[in-house]
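Each in C-alpha cells, the structures are laid out below.
Okay, so chain A shows up in both of these, paired with chain B first and chain C after.
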Partner chain A sequence: MRDTASGHRWEGSEQFYRGAILALGLALGLAGCRTRASKEDGKPAAPARSAALAGARVAGQPPAQQDDGQWLMPAKDYASTRYSALAQINTANVAQLKPAWTFSTGNVRGHEGAPLVVGSTMYVVTPFPNILYALDLTQPGAPLKWKYEPPVLPAAQGVACCDVVNRGAAYDDGKIYYNTLDGQTVAVDAAAGGEVWRTMVADINKGESITMAPLVVKGKVLVGNSGGEFGVRGWLTALDSGSGRIAWRAYSTGPDKDVLIGPRFKPFYPQDRGKDLGVSTWPPDAWKIGGGTMWGWISYDPELNLIYHGTANPGPWNPDIRPGDNKWTAGIFARDPDTGEARWFYQWSPHDLYDYDGINENVLLDLELQGQHGQRRKVLVRPERNGYVYVLDRVTGEVLSANPFVHVTSSRGVDLKTGRLIEAPDKKTGFGHIVRDVCPAAPGAKDWQPSAFSPRTGLLYMPHNNLCMDEEGVEANYIAGTPFVGANVRMYAGPGGNRGAFTAWDPAAGRAVWSVPEPFPAWSGALVTAGDVVFYGTMEGWFKALDAHTGKELWKFKTGSGIIGQPITYKGPDGKQYVAIFSGVGGWSGAIVAAGLDPRDGTAALGFVNAMKDLPQKTTPGGMLYVFALP
Partner chain B sequence: MSSRCRRALLALAILALLAGACARPAPPRAARELRVCADPNNLPFSNRRLEGFENRLAEIVARDLGASVRYTWWAQRRGFFRNTLKAGVCDVVLGVPASLQMVAPTRPYYRSTYVFVYRRDRGFKIRSFNDPALKRLRIGVQIVGNDYANTPPVHALAARGIVDNVTGYTVYGDYARPNPPARILDAVASGEIDVAVVWGPLAGYFAPREPVALALVPVAPQIDLPFLPFVYDIAVGVRRGDERLRGEIDAVLERRRGEIDALLDRYGVPRPTPAGSPGAA
Partner chain C sequence: MRRLATGLCALALTFAALACEREERRFQTLPAKSARAQPVRLTTLQPGQSLPARSGHGPYDENAWAISEGERLFNQYNCSGCHFHGGGGIGPPLMDAKWIYGSDPQNIYDTIVEGRPNGMPSYGGHVPDDQIWKIEAYVRTLSGLAPKAAEPDRSDQMEARRSEQATSPAAPRGQKAEHPQ
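For the complex of A and B:
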C-alpha cells in the first residue's frame, strides 16, 4: 500500500514538473536540495518587524547564532520553527541537565500549553479555569509575581470535546494574549497583571469553545474556535490588539463573502475555483453547521504578508449524508492578515471520512534546489493528520511533494498533478458495515503536537502517533435525552506495536532520517536548539533530550505526570540557558487518566481509550512546570 | 425559619441528624439522599425548576426510599456521565437506554419510539421511511455530532438516498434558550420543514404546545436493516458496580408501576405497542 502510494506520487510529480514548470524532475531536484528556516529572533517590542527580516536572507547562509533568549509565542517565531539559537546546553553537556526549579499549577487536567519568557518574567496559562501566572525569573526559585484569573463559565467544561486544555499565550507590545475555554480572548498587562480588555468571541451555548493559542500579527490577535462535534461553524477571527474589537472574521464554510473570498483569491488547483464552493460542495444548508473549526496553529510570512492556518474536519453529519468536497474544511488557507481576505486554499482531505482535522502546524522554510542556479522556493512544510508530510509552495499553494511518514491505508497517496488525495475505496466508512485496519486512526498520524525544525540539520522533528482503528458494529448512546447509535471505534497500535514515535524528517528529500519508537503516542511538542539537542516529552512522564543528528538519547528525566506540553528554552537573567516544560497528562489521548475514563469502555473518548488502557498504570494526573539547567 | 437558623448555627457533625429531625417528621432513615445527575435545561426530561418527568420520577423514587432528592446539574452532552455519575458526585441518572454500556441500567421503565411529526392540516399519511413522499418533502432530523454517530433517522434517510432535502437540528441547540432540542418542533409548526423525525418523548411533550395541531406517528419499520432500531427501552442508570442501589430502584420501579405509567401519560410520552403485535406499523 505504501509503495503503491509512493509510486503514484513520484510519477505524478515528474509529469507535473515536465509539463508545467521545470525542466528537471522533481525527484532529482528535491533529493539534492538544502533547507534553512525563515529566521526570526523576535524582540519583545516588535516581533513583527524582526520577523520581517526572515524571507529576505539569502539561502545557504549559516543560521543566526544570536538569540535574545526570550520565548514570545508558543512556536518561538512566525515561521513556527521552535528552534532556538541558544547553545550553552549542547550534545556534550546535556547529560548533566538538572531541575532548577518547579511550579505547581494546582490543576489536574491536561497541560498542553507552552510557557512564555518575556524579559525576566515567565508566563504560564493553566487548563480550565485558565489562570495566568507570572513568575519572577530574577529571584531564586522564580517566585510568583502575580496571577490573573479571568471569569470563565464553568459550563464550558461540558462543551469542550477533548479535555479542557489550553495551548498557550502570545506576547506582543506589553501585553499577554490568550483564550479561555468559554470563548473569550483576554489581553493582560504583562508588567502589572491587570486586565486590558476581554472580548467574548465564541458562544459556548452553541457548542463553541477555544483551546488554541492566539498569534499576534501586525496589531491583530488571531483566534479560532473549537467544537466541530457540536455542529458549530468554524472560523478564524482577528481582534484589534489595542481595543479587543473584532476586526474581521473568516468562516470555513458558506458563501464567499463569509469566507472572505474575493478577487484576490487565487487557489492553485481548479477544484478550488468557483463561486460559493463553501455552499455548493454541501447538501443544502449543511454548511451552516459544517464544522471546519480552527483550533490549531497559525504561521505568518511577513515578506509575503500572508498568514497560514488549517481548517478542521467537516461535521456533524455522517460522511454519507454530506456528499461533496465539503469546502473549506480539512484544508489550509493563506490569508491577508490585515483584511482576512483568502489568497489561496488547498484541501488535504476532501470529503473527510476519518475526523482528520487539518489544523496542524505550518513550518515556513526557504528550500534551495541544488543545480538550479540558486533557485529556491518559499515552502510550507505540513506534517498532516492524514499521514503525509506535505511540502507546499507557500506563494501559490501548489503541492510540491507529499510523502507518508507512517503506515497509511486510508488513502493511496497524493496525486501531484491534480493535488488530490487518492481515495482508498476499501477503507470507506459508512453506517452498518465494518471497516478494519484504517490507518492512521482518527487522531491522525500526527495530531496538534507541534514539530520543530533546525536550520543546522535541515531536519523536521516530529512527535507523532502510530495508531490504526476499526469501526465495527453499532452501540446505543444518549445525548440530551435522544438515543442514537454510533459506530464502535477502537484504536490500537499500528505496525511495530508502538503507539507513537519521534521522527526526524528531511523535508527536502521527503524521507525519515531516524525515528525513535514510543510506547504511547508522542503527544508533546518538540524543541530543537543550536546545541543540536532536540527535546520532547512522553505520556509516561519522561522528558527526553536526543542528539539532533542521530536520535541518540542523551538525557532523560522522569517528571511527575505524563507530558503533553510544549518545551521551550530561554536565557535567564543570570545568563544561563534553561529548558522548561509542562508535565500534566490529559488531552484527548490522556483523557483516560485526567478524566478518569473507564478502561473497560474501549469506545470512550471516541475510541482512544482502547489504545490507552495501560496509561493509568504508568502515570497519574497533576500539573507542574519543570525548569532545567546545567549545574 | 427556626430550623434554618439552627442549621446555620450548629456544627456540621450534627447537621444530617438535625435536618432529619426538623425538616419533616420522619423516621431517622429520612436523612438519606437520592443524588441525581440531571440536565438543568432539557424538558421534557428535566430542568432546574423540576418540571420534567424525570424530576417527578426522582421524587417518586426518593419518596419510596424515604430519601430526599439532591441534584447535580450538568448539560447532558459528551462527558455528562464522566463528570457526574462516574465522578461520584451523584448516583443515579433517571433516563438512559437500557443497552447503554457506560452505566449499570435497571430494568426498563418505558419504551418509546422515534415519530414522524407533521402538521395535521397538511393531510400527510406518512408512516414509513419507505414512503416515496419523503423524497420530495423538506425533512428535519435531529443530529448529534460527527465521529460516525448520528440519530437513526439520519442513517435511514441516507440509506434511501434522501439527502438533499434534509435539514439537521442539533440536539445541543442553543443552550442559552430553554430546552434547546425542541427547536425542531417549532420548525414543523412554522412550516420551515414539512416533516420531522423526532424522539418520541420530546415530540409528545412539545407538539401540544405548538400553535398548530401536529400529528405524531411512530416510524416504521421499528428496526431498519441491517440493525438500526427506532425503538428504545429506557431505564434508570446507576454506576457500574452499584448493585445495591440498582436493586433498590428496580424494586421501586416495580412497586410504582402504575404511578409511573400515569406520569408518562401526563407528559405525552409515545409508547409503541411491541413489535409484531396488532397495531404495530
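For the complex of A and C:
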C-alpha cells in the first residue's frame, strides 16, 4: 500500500542524532540525521600461460558440451562466463565483420541490457519504460514480431540513482522474465507476447527500484532491489516462475530470520558468526535504512545447489552515521535457491567508506591455482569494486587470493589469514572533512559491467574503470523516497589519465596478462568466443574485437552512440554466427549525455560528471541494436 | 414495536430529506471576465492574439538571507540528492537555461508543491509554504535569475567552482522572467 497523500510518508531515524536537531524537520515528523561525526577443448593455448590453463574449466558444464547457438540469459550460462563456443568468427576473419541489420529502440537513455536469443527469436528490453521487443530472426532484417509494454510508473525515474537503465531479461520454460524500473517482475509468453503474470515486488515510495536482470533457477525467478542511495533495505527475492508468487525473500540487513540465516549458515571467518549480526553491527535501527541492495549479478552452481549473489553498499555513504561492520552489506552470500537459506557469507568491504557495492559478477570456475599442482578447486572469481580480483573457494567462502587490478589507495590489501580488507586510515571518509585521492572512486575499479572468461585462454576479460575521487562527508537526512547519501564527491582519472581499461587477467596466477587503456570508463560488458575473439564497446561508440591471447585490436566499428550494453553472440537460423550489441550511452557514467547534465557542477550525478565533462563532445544519446556478421 | 416503527419512520424521513438534495441548475454561465486574463504561463504559444503574461513574484526573491536559508533547506530536504549543486543527476540540472516546467517563481513553487510526473516528488503538505518559497528563491540563483544584490557571492561546496555571481556570461544561463508591465 502506498500512502503518498498522508503525512507518514516521512519515516524517522532519530537514533542517528549526534548534533543539532533540525527543529523544522521534526515539526513535520521528518527526522533529520545530522551528525559529526569449461569447456576445455584441448586446443593448446598461448605458451606463456599453459600451466594456468590446464586447470581452467567452467563450473557445472561437461567439457565436451556443444554450444547450441542460443543466448538464454545475460551471462550466457549459470557460471556467468559470457563465453560462446561458436567459432565461425575468429581472429583470422573478424576484420571482415559488417553490420547485418539494426533495430532502433527510440529510447535515448542508457542501454545496459543484453539481447536474448531463443530459437529463432531475439528479445530486447529497453531502459524505462521497459518495453520488450521480439524480433524474428528467420526473416531478412529481423522484423518486429511483437512488443510487450507493461504499465510502468513514470515517477520511478525519480528514485533511479544512476540513469533509468535495465540490464536485460532471462528465458526459461517458454517465458521471458524481466524487471521494470518501478519494481515489478513480469513474465511474458515468449511465443505470443502475452503477459503471463506481473508482480509488484518493490515500492518506489521507499526509494526502491529495479534495474537488474533476473536469473531463473529451478523454477524460481531471482530478483533484487536497487536504491542504495535512497536508504532502502536491500533484499533478494524468489518468485515462483509459474505463478509469480513470492516464494522467499532474504534481506541483507536485520535479524537472522529476515536474512534467512539458520542452522545451515557456516561462514568461513569468525567475524561473520554470531546471532543477529545484521542488527548488532549497526547503530540502533540503522539497519532498517542501511542499503545492501542486490542490483547486480547472480550465479548458480547446480552441483552444489548454491546461488551466489553480492550485496551493495551500506547507506548512507557518510560512514560516521553508521559505525560498525554494517552486515550484511558490501559482501557475498551463498544461498540455497530452494529455500533462500544462507550457507556462507564473506564481506568484501566491512563498514564500507566509498560506495563499493559488492554486486559484481561471480564467475564460477574449477581452477588449478598457481603453486597447487594437480589440485583443482571449485572457485568463484570476483573482480570487485574495491580494486581486487578475489578468488574464493565457493564451497566454503574462504578467500584464496585477492590481487589488485588497478591503483588502490583506499585499502592496503586483503589479509588472507583473517579475510579482512586492510584499512587505509588516511583515507577514512566522514563528516566535516574532504578526503582526496581515493582510488578507486565510488563506481569502483569495476562497476556492474560484466567480464567474460574463456576456458581456452584461461583468462578473465574485464572492462573496467580507472578513477579516483575526492569525497566530503555532509549531513544525511533520511526522508523516505528521496536520496540518502551524505557526501559530496568529485571524480577524476586515475594514474595514467585513462579513465578506463580493458584487461585480461589470469585468475590462477593473480596477475594481468595484457591491458588496453580506454579514454573513458569501459562501461560495456565483455564477450569471448571459441574463435579467440573478445568483444566490448566504448563510451565513444566504438564496438571492438580484440585477439583474446594478445589484446591486439582486430576490428572496430563506430556505432551511433556510446556503448554501455552487453555483447552477445548467436547462431542464426541460417547457420551463421552473429554478434549483437546495444548502442545507447547513459548509465551512471554516461548520465551527463543521456540526462543532459551540466558539466559546470562536478558534483553532479554523485560526482561522476566531474570525470566525464568531455563526453558530450564525443557522443550523443540514442538507443540502437547493432547485429554484425561476416559477409 | 412502537419504538421500531418510530425508528423506521425516522429513517424514512432521513432518506426523504437526502432525496431532496437536487442538482443545482445554473441559469447563467460564468462571466467571461472570470477567465484569468493574466495567468502565469508555462509557454509563449497562445491561441489567437497574444495576451500578456503575468510574472509571479516569490516573497523572498530579493532577500539574501532567505536565499541562503533556501540553500540550507535545499540540502536538508535532499533536493541536492537529485539536482546536486545545480548540475543535476537523478533530476535535471537547475543551473542551465532549460526549464521544463518554467522558470517563473510561481512555476518553480508549483513544481515543488505539485511534483512532476517524471520523478519530481510532490512536496506540498510535507514542507511549510514559507520554506518552499525560500527554496524557490535559492533555485533561481543557480541559473543567475536572482537579483545580483541578493545572490550568494561564494559557493560553500567542496568543488572549487566560481561563485554564482562570477559564473561566466558565455555559459548558458536561465532566462530572466519577463516583466511586461
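Operating definition for what follows: the second predicted complex is superposed on the first by the 542 of 631 C-alpha atoms of A that agree within 3 Å, B and C clash if a C-alpha of one lies under 4 Å from a C-alpha of the other, contacts with A are read in each partner's own complex, and residues count from 1 in each chain.
Going forward, contacts are C-beta pairs under 8 Å (C-beta built on N, C-alpha and C of every residue); 3 or more make two chains touch, one makes a residue touch a chain.
As the structure is a computational prediction, the values presented were derived from the model and not from experiment.
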Inset, instruction - Report for A:P302: first if it touches chain B alone, second if chain C alone, otherwise both or neither. - result: neither
Inset, instruction - Kindly classify A:V609 by the partners it touches after superposition: chain B alone (first), chain C alone (second), both, or neither? - result: second
Inset, instruction - For A:T482, decide between first (touching chain B), second (touching chain C), both and neither. - result: both
Inset, instruction - Determine, under the contact definition given at the top, whether A:G331 touches first (chain B), second (chain C), both, or neither. - result: neither
Legend entry - First, second, both or neither for A:R490, with chain B first and chain C second: second
Inset, instruction - Identify the partner contact of A:P150: answer first if only chain B is touched, second if only chain C is, both if each is, neither if none is. - result: neither
Inset, instruction - Look at A:G224 in the shared chain and tell me whether it touches chain B only, chain C only, both, or neither; answer first, second, both or neither. - result: neither
Inset, instruction - Scan A:D470 for contacts with chain B and chain C and give back first, second, both or neither. - result: second
Inset, instruction - Please identify the positions on chain A that touch both chain B and chain C, taking each partner from its own complex. - result: 155, 157-161, 229, 474-475, 477, 479, 481-485, 595-598, 601, 604, 606
Inset, instruction - Flag every residue of chain A that touches chain C in the complex, lowest number first. - result: 4, 7, 9-10, 22, 24-25, 27-28, 30, 32, 154-161, 229, 434, 470, 472, 474-475, 477, 479, 481-485, 488, 490, 591, 595-606, 609-610
Legend entry - Of chain C, residues touching chain A in the complex: 73, 75-78, 81-82, 84-93, 95-96, 98, 115, 117-122, 125-128, 131, 157-159, 161, 167, 171
Inset, instruction - Would you mind writing out the residues of chain A in touch with chain B in their complex? - result: 155, 157-161, 203-207, 228-231, 283-286, 289, 291, 313-318, 320-321, 323, 355, 429, 431-432, 442, 471, 474-487, 489, 595-598, 601, 604, 606
Legend entry - Residues on chain B engaged by chain A in the complex (per definition of touch): 39, 42, 45, 74-80, 82-83, 86-87, 95-97, 99-102, 142-152, 154-155, 157-159, 163-168, 170-172, 174-177, 180-181, 199, 201-202, 226-229, 232, 234, 240
